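What follows is a single structure, written as structure tokens, with notes after it.
Letters A, B and C mark the chains as written, and numbering starts fresh at 1 in each.
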């Protein structure tokens, strides 16, 4: 199946539409909540929680013997939460640092989960084939009711987000201050964390435990580059997430043998790379351009300031001087002289130059501006 | 026990030792997650190396993998320098992307490649004995035994050669720089050893379980000791223990060897986390409780010492002003009474001579905040606990 | 001395971090309308004292009251300027947005800031001379400007008592003067200002009341009476001599 065929099918084929809708919703909720995770410096907690969810899936299967996704996800939720609380217990009660606690819990839980998975695979009644999809995700296994469930959770999450927007914002920015204003920070904190865990668990079927954390981080990291407003960042992240979900699913569906998780993650990573480079205010490209331009401006300003010092000593600021005086000045070139003339800061007649009124004022203010910037 | 079983256990133990040594330093330097990042991101290097050589045992694979490990570290540090995102986000962005590339490359070429995603996650220790290292037709043992053996020897010789430098730079980076050991050289040296070890351990235990072997033994050991040498020895011990018992657990369950090694590591950590004599959860909670009582007692004595007015020393004042619950005030007063530090006369509490001395000593410590004084006071406290 | 009303009363306050005590049995009464500095060496518990008064940290003993009632009931009378370094200045938000947060307390849960709150925030920004920067992303402000935004946020709380944690740290001289002028303005309006302060030289110039703190309270009172070498020595442990400029 080619890529264009896929989009044709998208409008006709029920299954494909369901799957695409599911990944779009998932991407949106991940982007939204991922913004909070990134701003709270909890980027890697998501990684630990998603890995820690694996044994829960296996245990839920061993106990119930069902492949019912929702049952397995409840198992995932429980073991993910146990992992998260254990990480907190370790960093609080012992002198082990958070990086050690995160790495420890994620690898141990995951290892235990893999032990159980391999054990299940060897069982005679092995109708186990479905569990593997939780490693790297298989969007094709999404059913309509999975999508409905995701949509409901996302809607609830969105409502809570809108309702407590102000509280979320102040907690993220300055939790201590929020506390002095009388907000129950513990409650808001629990609310945010539970939503993040919920989003992770929802994504396990589509993206898989191994790469789920990137689904949270990448859209948010990309969105952060385009805006300085939390609201816009959350909306953009949701958009980037949804787009990566849909495009990723499309690519993986159009190829054989491709899990959805890695493809979605790579599409999201492409958004990140693009944003890092091309964002107008923070991006590396424009940063470099500004840097070069500033350096050029600085050269020009230096020359102008030098001229200003000469012109200042005369009563008539437009008194002409020979170009020769400038020869000893370091930043002076013919080109910079003509540039200054273009800007009408000076007039050049033959071998003489004179400052204009405009140039004089600009040079004067230049000095003041610099003082202010040093503030 | 067959010779294949013996060989598997030997390989697993060597992998565990080779991981535990750099792991200890990573944990102490708060860089544990770098091992996570490296282990994920060497995958594309491995796969590309395999495409070139079509031989899983080729040294080119190790070089390519180590190269992509270094690329990751450089990329993470580059992103961190741009300040576009927070440091942890930089790590969290790079390694899933690299890993995804690797997984996609594998799935796209699933037909002509012996790697599959299960191997990536779990390794294939069980098959290690079948891939023999043959020299002129002579069987010199399994290939992976040689690979990990060489890596271990290099790691050990580096450890012995630079032990002093590593120790100083880990515990006091400032001093190390002052003494002329470049922290950058040690940092990248450690990164390289960690990368190479990860690559060497990769086909035995897989991408994610390498992380467990690096972090878990060191973290467990760190709960038991502060001494670097003891910590290294303990983590090696935990690593080998989990390798051997993990093998038998897997044998019994007929499940993944590396999965069960990790599970054993997890159980060992859980036990130590709960029961370690000084830093275990139980002793920490017990100590916190004791400290809470001690602090309350001191607060109470100090209050008596500060106030001569009768109304401040009235027994009811405790509940009202100091803001303690009745039960707590009572237990604190009882404790002080039992130790003859106070007397109560018509509900007015007064310090005894002993109480005064004790309070003076405590104040001395509080004001000077001299750590050496804590010790003598701590001893006193144990005396007072009845 | 005439009968004074106390804005803040602290009784027998003891605070511990991880069961290691950092403040011991503090009794403190801050009269209404003073401008008070809290001074003491590093680790003396100055910030902790403010945080305990504001309920950010739970004390293990003692009580705090604001105008005779517990803090929880009097929140709206109290404004707070935390240490500048305590927040992430790369947070995606503007100066105006940060100042608006000062109005969140009076709004309570769920309600959004409206026109009235925005007006308050803009006025506060104007008071600190930052009105023209209202739409600036906060990371693009200089250290002094960030501090002014923090001050504006507290002003937007329209409180009776202001607590400030090292407001002069890492700010330029102009901002320092601007801030101190605003504080003096506040005092003129009869408000009480409590500042954790580091620079001993400027204490007599800026403040009229001072508390010496080093785990225990050493002394508290009018600067003119108690800001002397004796108390400084007691607080800082070494023989301390400042040339007090009158």
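Just so we're on the same page, a contact is a pair of C-beta atoms (placed from the backbone, for glycine too) under 8 Å apart; a residue touches a chain by one contact, two chains touch by 3 or more.
Everything numeric in this text was worked out from a predicted model, so none of it was measured.
Trainee: Starting from the defined contact criterion, work out which chains touch chain B and chain C both, please.
Mentor: A
Trainee: Please indicate which chain is farthest from chain A, where distance is taken between mean Cα coordinates of the chains.
Mentor: C
Trainee: Can you check how far apart chain B and chain C are, centre to centre, with Cα atoms defining each centre and the answer in Å?
Mentor: The separation of the two C-alpha centroids amounts to 40 Å.
Trainee: Roughly how far is chain A from chain B, going centre to centre by Cα mean, in whole Å?
Mentor: 29
Trainee: Find the geometric centre of each of chain A and chain C from their Cα atoms only, then give the gap between the two centres in Å, rounded to an integer.
Mentor: 35
Trainee: List, in ascending order, every residue of chain A touching at least 2 other chains.
Mentor: 41, 224
Trainee: What residues of chain B sit close enough to touch chain C in their complex?
Mentor: My answer: residues 83, 288, 291-292, 295-296, 298-299, 302-303, 306, 321-324, 363, 366-369.
Trainee: Which residues, counting only chain A, touch chain B once they are in their complex?
Mentor: 38, 41, 43-44, 46-47, 51, 89-90, 93-97, 99-104, 106-119, 122, 135-136, 210-211, 213-214, 217-218, 221, 224-225, 255, 257-259, 261-263, 265-266, 269, 272, 276, 282, 284
Trainee: Under the stated contact criterion, what part of chain C meets chain B in this complex?
Mentor: Touch residues, chain C against chain B: 11-12, 14, 16, 19-21, 24-25, 27, 43, 59-63, 90, 214-216, 237.
Trainee: For the complex, give me every residue of chain B touching chain A.
Mentor: The touching residues are 27, 30-33, 35-36, 79, 82, 84-86, 88-89, 91-93, 96-97, 99-101, 103-104, 107-108, 110, 117, 121-122, 208-209, 211-212, 214-216, 218-219, 222-223, 250, 253-256, 258-263, 265-266, 269, 273, 279, 281, 284-285.
Trainee: Over in the complex, which chain A residues touch chain C? Could you list them?
Mentor: Listed in rising order, the residues of chain A that touch chain C are 39, 41, 163-167, 169-170, 172-174, 176-183, 224, 227-230, 233, 375.
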